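Labels for the chains are A, B, C, D, E, F, G and H, by order of writing; each one numbers its residues from 1.
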Amino acid sequence: MVTVKELDRKEHWLPGHSACSGCPASLGLRMLGKALRGNFILVVPACCTTVIQGIYPCTPSQVPLLNIAFAATAATASGLKAALELRGVNVPVVAWAGDGGTVDIGLQSLSGAAERNEDILYICYDNEAYQNTGIQRSGATPYGAWTTTTPLGKRERRKDAPWIVAAHKVPYVATASVAYPLDFVEKVQKAAAKKGFKYIHLHAPCPTGWRFPPSKTIEVGRLAVETGMWILYEIEDGVFKLTGRSKALLDPSKRKPVEEYLKLQGRFSHLLRPEGREALESLKLQIEESWSEVGKLVRGQP
Amino acid sequence: MQKTVISGNEAVALGVKLAKVQVVAAYPITPQTIIVEKIAEYVESGELKARFINVESEHSAMAACIGAAAGGARVFTATSSQGLLYMSEMVFWAGGARLPVVMAVVNRAIAPPWSIWCDHNDALSQRDSGWVQLWVENVQEALDTVIQAYRIAEDERVMLPVMICLDGFLVSHSYEPIEVPSQQLVDSFLPEKTPAPYWIDVTNPRSYGTIASPETYMEFRYELQEAMEGAKRVVKEVDEDWGRLTGRSYGGLIDLYLCDDAEVVAVLIGSWAGDAKEAADIMRSRGVKAGVLRLRSTRPFPAEDLVEALKDVDAVAVVDRSLSPGLPSILLSEVKAALYEHGAKPYVKGFIAGLGGRDVTPQDFVNVFERTLKGFKKGETGKVEWVGLRGVGSGHR
Amino acid sequence: MLYEICFNARGGQGAVIAARLLVHAACLSGLWGQAFPLFGGERRGAPVFSYARISDKPVRLRSQIREPDALLVFDRSLAKSGVKVKEEGLVLVNSPSRPQVAHAKVYWLDATSIAKKYGLVFAGWPAVNSAMLGAFARVTGIVAINSLLEAIKSVWAGTLGDLNARAAEEAYREVVGGA
Amino acid sequence: MPEVPVTAIARPAKGSAGRTGLWRTERPLIDSSKCVKCLLCWLYCPEGAITRGEDDSVEVDYEYCKGCGICANECPVKAIEMVPEAI
Amino acid sequence: MQKTVISGNEAVALGVKLAKVQVVAAYPITPQTIIVEKIAEYVESGELKARFINVESEHSAMAACIGAAAGGARVFTATSSQGLLYMSEMVFWAGGARLPVVMAVVNRAIAPPWSIWCDHNDALSQRDSGWVQLWVENVQEALDTVIQAYRIAEDERVMLPVMICLDGFLVSHSYEPIEVPSQQLVDSFLPEKTPAPYWIDVTNPRSYGTIASPETYMEFRYELQEAMEGAKRVVKEVDEDWGRLTGRSYGGLIDLYLCDDAEVVAVLIGSWAGDAKEAADIMRSRGVKAGVLRLRSTRPFPAEDLVEALKDVDAVAVVDRSLSPGLPSILLSEVKAALYEHGAKPYVKGFIAGLGGRDVTPQDFVNVFERTLKGFKKGETGKVEWVGLRGVGSGHR
Amino acid sequence: MVTVKELDRKEHWLPGHSACSGCPASLGLRMLGKALRGNFILVVPACCTTVIQGIYPCTPSQVPLLNIAFAATAATASGLKAALELRGVNVPVVAWAGDGGTVDIGLQSLSGAAERNEDILYICYDNEAYQNTGIQRSGATPYGAWTTTTPLGKRERRKDAPWIVAAHKVPYVATASVAYPLDFVEKVQKAAAKKGFKYIHLHAPCPTGWRFPPSKTIEVGRLAVETGMWILYEIEDGVFKLTGRSKALLDPSKRKPVEEYLKLQGRFSHLLRPEGREALESLKLQIEESWSEVGKLVRGQP
Amino acid sequence: MPEVPVTAIARPAKGSAGRTGLWRTERPLIDSSKCVKCLLCWLYCPEGAITRGEDDSVEVDYEYCKGCGICANECPVKAIEMVPEAI
Amino acid sequence: MLYEICFNARGGQGAVIAARLLVHAACLSGLWGQAFPLFGGERRGAPVFSYARISDKPVRLRSQIREPDALLVFDRSLAKSGVKVKEEGLVLVNSPSRPQVAHAKVYWLDATSIAKKYGLVFAGWPAVNSAMLGAFARVTGIVAINSLLEAIKSVWAGTLGDLNARAAEEAYREVVGGA
């Protein structure tokens, strides 16, 4: 287990960029930089991270960064990696995309790269909506959440990207959370050391889009895990394993009530009002379903 | 040089091999498919040391090419019609990013209705994308132009992606005897790709393509326009160089056939130039001085060369194999605009023909020449006429 | 000189390769040529049309052949395909007996039997192309039989080339008709 | 690499969005006497605006600190206080 | 009629509601997003009885619109820039399929470099797609044009999709006081959508868009061209009708400002027409007869109306907010081509300005007028000039 | 269980179309027509079925059919269904796409429609390559198979579309095979009766692309199932069930040796030669893996 | 629906690809004396070229039968024989 | 008459809505107007610029405002933003005391305190827009305070509207400066 003290002291993502105050994406980028000690190349599609970079001619990135079109991430990373290999440059190529750019418009390119088992690390930072364009629903937006395109709460359940990627039988799939940076760092390091397609899905509570004060980014992320709304796990060469805080939560009685998570966030406020009761029950049911699937996997493991 | 009988598609693949392309990412589509298959074979057999990325769509094909080009590799892809439209966002991206990607577009009509046959609407639909667009007439030129394309794309004065347009089936599937340049010759003509000027370098980290505010964006576009001016020079130079080495050159930006003394000239792009040239011969045998001006390049649009070639011509027929619905016709506009400047404006008449693979014969071109001369003599307007239209007006509506 | 040929055949009979082979052979005879299919996304078994032009100078035409100098019919059932041959042209049909063709100059040979004899059957289809070309070489004299044999061997290596060459030679000998 | 600005090629620099310290409505004040050098504030600061000294002491870079308050919220010993900026 | 202060985006959404659109499928992109959000609100609140399909990309947005339109519904989508390019294949599909889809394009520059600001390259990149393209100047016109668009698209003589282009931020995010027509008025102007002429009917099964061989494809394209001719008439009629009902009409295909007696006219599209009109006033206050010709429609390209309006003008400035690299400029070509026919060809000079949101002021237009007149008087060529370029040439390269 | 005798006598897909002789796609279309008694609407992207229709002005389809661009299937079907619902026309909309159009270029649109739980039936007929363009590799091409773009055999494993769709938690996912038409018919009927997104993945041995004689389409399809290369199952509201012939094959000893399946097909011929031994072993391993996953699910089922 | 051919709208008809019976190299012959009316040939024919009578007897539509041989391959009682067409 | 106004503010202070409100109020006063942001994908907390034009006839301009008649500074820290105000124009700053601004005509008021007083604080940001506009109405007289109050109430329903209106009124009374 990596400790805080061991973390790279250098900042590879410089301060003074355009992220909102309390932004989970910039925290993720900081940690990514430290995990790989600045020795990697970023590929970034349209998302908050495009804007976070600020405006030409300056950038906060101390690693080479290729901005690319929204739907193109994984394919561009594949091409870039191919070129570097031909040039004998052995540096990890890390695709860094939002949830919309991953589970919606970038899914095809992601799936293609996964099927080809391209030697890249794909990280989806999941702030559960199109935040850059002002909080529209994405496939990853959870059931019940308000966004500007789901004014009464989303009616469909979230698309489960890590499962979808896992169905491609790639060498490494993991979930993580910005609230557990050391767990994330460790997963990044493990992934980067493997050959082939690696996928990490990073939960990233966004104060702007989820409507909570910027000081609570970590708190909200922690509650997502503690209430079981977000599950930390990894699938290494097909073997499923709960990790970190989630290890202890298979027993439902160990989980905090989901209301504790919801009540911090403006986007869920209607769920806690009487008219939201039914939706809240649905949501709880979905959490149970997810854990019961996890249970099957954990028990079915050799 | 070795002689062989191969198809246009095979010639493109051979050109790719000779150019020592390093990364290929492509997706199949009729009538381009054989290019992709052939390259896959070269790569698998080790004849071409490259990575072949079997992408899941054309958008990803171009995305992968962009990634690879930004990473410093020499890259190639090919597509047609729907595939080109599907990757359009990335086509514009490659142009804006100034990456020397080379792509063959095997021209095919756009659906619906579905058609796999030749017209030029696909490539022309990308004429604003910042790509140099070169059009070939036959199989030999297809091969030669692939090799030329890399010299052009990678030239410091250009640094732009290059599209090679060849007519679907008419060139792509036609087998013709051609001369194959030796690898040595090609190597001497086309230097090995160096990672510069564009490459990702961990020791000198940069962010590519960040947001440009209204204060800076426009200048990047101006540079792009300047690069196109550069391309005008470079396309000619490269073609001349190639001519010196192989004895084959194609006129640079425009290919002139009997235009010197012509009274009537047909302006067009693509492989039917051959049929038009036959028609010009027929006209001349009848005492009419006809000529053919084939644009090899539509971007940069060779306005100066075109005006120079047409300045003493009485009548010009612009024959489009494409349609921009709501505009009389595409090349016609650009040719007229180029001539507008010029003092003695020739009579210009537009024709649309050959859409969706409709057959067009030398006789059709003879008619085009005659119709144009008649229009000129009678002082008619240059109203666009459609060649070989069937059953329209008579209850078709 | 410009000599235009149409090939009518069915999916597995090798008409597209035939056109190409012919151009190859023509080149070896010091001529130019061009071969092209009428492509329509055909499926196995469906009729296939292909074309070739042979000339003493580079062929510039891209338009379809409407009135060929020669029509090669690989399958009797396609003899009435509606292709109009030039008056001074010829029709060559794969048929064991004189085919019913409304044209002055008709040749025929049992190319199917020849193909079968040399084991040239693929996926149920006798590949009659080499035989048809052998006959064509004979009745037109435009390409030398030796050029044809050379072309055949450069397309198919080894035994397959030999067998095809032998089929072509046999057809060269066997073709009949002409009046 | 020739620096031909044919497209937007940006170079790394602090303050790519200007002096983001101006965004603050509240300012984190670290009480170093309370601090146990756990480095959690440094770990969690999304801006990278907490500098970590050789001795793992921590300091805020007010030039860029946006005042989100995460450091204060996460400090296990409440060594960080958020005080209003004059706006 | 009710008065209110809303933005261009909100006006578009309001138009969609008033037009009783039945299916909306759209994907967010700056600066279009607010249209989508607003419609989502209308739908969720029940104010608009429609299905809102939250697609996962723009390609699917247009695909869903096509499915819904083929199914007989009145449909709408909106996008910008990258989104428009990403859906390009389907944009062409809707055109070829002749489906009366209406789409708002909130004009934004194309990447890279990333830019969210206004220029016209996005919508113009689709000018061959078979869509009617209408451009608006202000918020009121945005609202009115959405409603007009459905009348045009669904007219039997047209049956084409219609694109409404509004300048990103400049119109989309500008709040202006406008008059909101009543639902009754709109209902009387725009009949309810009937499933015919295009709909899937189980009792009369048909296959739509099967393969068309070279024997038939071309005629479908001819019909498309004829439909554009139809659109020329219908756009005018519909605008006149609207004018009768509301007192507001916009000149049909072209909006003329002080062109009647003008010696110099600026031709352009989009919202900066307002700044140009201010400049024309300034010129006139200085004794120069300047005018502004704003094309409301680029497809169909109103060649006849344009020629009629410019035939007695000395000098014409065509000001493009777009670039087709390798061509002097886009509208310039089309305008020159239209004028080519015409006997007395005015002097025409091209300008490129405002790319990537670069600010353009009335003073800039004053300069354009002056520069054009000077060019005319001095008999200069019409070489394109870039307005407000910075630091280029001086080491920028 | 539907019997042959009960099948709709009417042909809804008329003979005399352009499919190759022995074509599995046209057989599938015939069965689909019978299953729904001609009362449905087809949406068809670019694939063999585009060409099978023949050329304007005739079509073999007796049901309304909307041809659409390659990547657009599921979204177009969604839009069409929405319009029909508004018009009060209650007819199933069936998307019918090839494997390439499903697992590669059409995946994103499919995934989007699945996430939105659109009320459509999506059928992928899987001939395991881009057959229409002349046998290029698709994501669904199995490991080891020759195609024109994998001249030495595909090196990656097949993308598993039904699993990917199942990860979206839609009401119905099933596999089927043209060799078991009655099983297919039954699944179609079951799916059509459900509301929401339904997915059927139909194995479709293609004589042209797989290089076997057209008379063996059914035989090859049967062997795929009997050797365990293709598994018949359905997942109804989350519950996994082996179906038909596959029910009996969880025990590996009941399965025929995979060589029996491979040897009929030209595309696998190199696997049966000495140099293909390693690849053959990999392939067998993959089969075992798939079955072991199935085993977990079957056993883990409530 | 007004039949305005604004785009390709095709109507259902047998033989959209012509008389596909011409594609055959072999012809299926059903020996009705052997046939047990199991209908498997009818079920499996990809072309729909086997017609099913009221009494479940089967017949080949040679106009369109492409001669694939599936029926013969699948007939459980070998009541169908493939005989070469004269090509 | 054409009166141009620039608003300099930070993310949560409501400058975009302010511009819009002002136009609304202008319309209610029988004038025309146009409001627009300088949009740059700003993030919460970052500086925001917005603009308004007020005129007695429809505004046709789309270009940026370079030299406004009035500059409204919502946050003292932005007072030195580089916006050049017309000589005869004015600067109005949210500041408890006379701000350091190099312009002849400067007004100020403690809009932050007023906003806080009426509970107009959202996500930590005092929404000073209504107060600033109230002061603007007073110092320019271009829009009537009643029109402004009406506009405010049409934008925010219920209590929120009331509170904003009261903030505007208080600011109208409190603003000082001018020389």
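Going forward, a contact is a pair of C-beta atoms (placed from the backbone, for glycine too) under 8 Å apart; a residue touches a chain by one contact, two chains touch by 3 or more.
Small disclaimer: the values here were computed from a predicted structure and weren't measured.
> What is the touch distance from chain B to chain F, in steps?
Minimum number of steps from chain B to chain F: 1.
> Can you tell me the least number of steps between chain E and chain F, where a step is a move to a chain it touches?
Contact-graph shortest path, chain E to chain F, evaluates to 1.
> Measuring centre to centre with C-alpha atoms, which chain is farthest from chain A?
Measuring from the centre of chain A, the most distant chain centre belongs to C.
> Using mean CA coordinates as chain centres, what's the gap between chain D and chain F in Å?
55
> Taking the mean of the C-alpha atoms as each chain's centre, how many Å separate chain A from chain E?
Distance between chain centres, rounded to whole Å: 39 Å.
> Starting from the mean Cα coordinates of chain D and chain G, work out the distance between those two points in Å.
From the centre of chain D to the centre of chain G is 77 Å.
> What positions in chain E touch 2 or more of the other chains?
30, 54, 56-57, 59, 82, 86, 89, 93, 96-97, 111-114, 116, 199, 201, 205-213, 216, 220, 223-224, 227, 359, 396-397 - these are the residues of chain E that touch more than one other chain.
> Specify, in ascending order, the residues of chain H that touch 2 or more different other chains.
In chain H, residues 40-41, 45-46, 124 touch at least two other chains, as defined above.
> Enumerate the residues of chain D that touch no fewer than two other chains.
4-5, 7-12, 17, 20, 23-24, 66-67
> What residues of chain A sit close enough to touch chain E in their complex?
Interface residues on chain A, with respect to chain E: 46, 50, 56, 67, 69-71, 103-105, 107, 130, 132-134, 136-137, 139, 148-152.
> Flag every residue of chain B that touches chain D in the complex, lowest number first.
The touching residues are 96-98, 159, 196-199, 201, 204-212, 216, 220, 223-224, 227.
> Provide the residue numbers of chain E that touch chain A in the complex, in ascending order.
Its residues touching chain A are 27-30, 33, 36-37, 40-41, 44-45, 52, 54, 56-57, 82, 86, 111-114.
> Provide the residue numbers of chain G that touch chain C in the complex, in ascending order.
So the residues of chain G in touch with chain C come to 17, 20, 22-26, 66-67, 86-87.
> Contact residues on chain F for chain G in the complex?
Listed in rising order, the residues of chain F that touch chain G are 4-5, 7, 9, 11, 13-19, 21-24, 26-27, 30, 53-62, 181-182, 207, 213-219.
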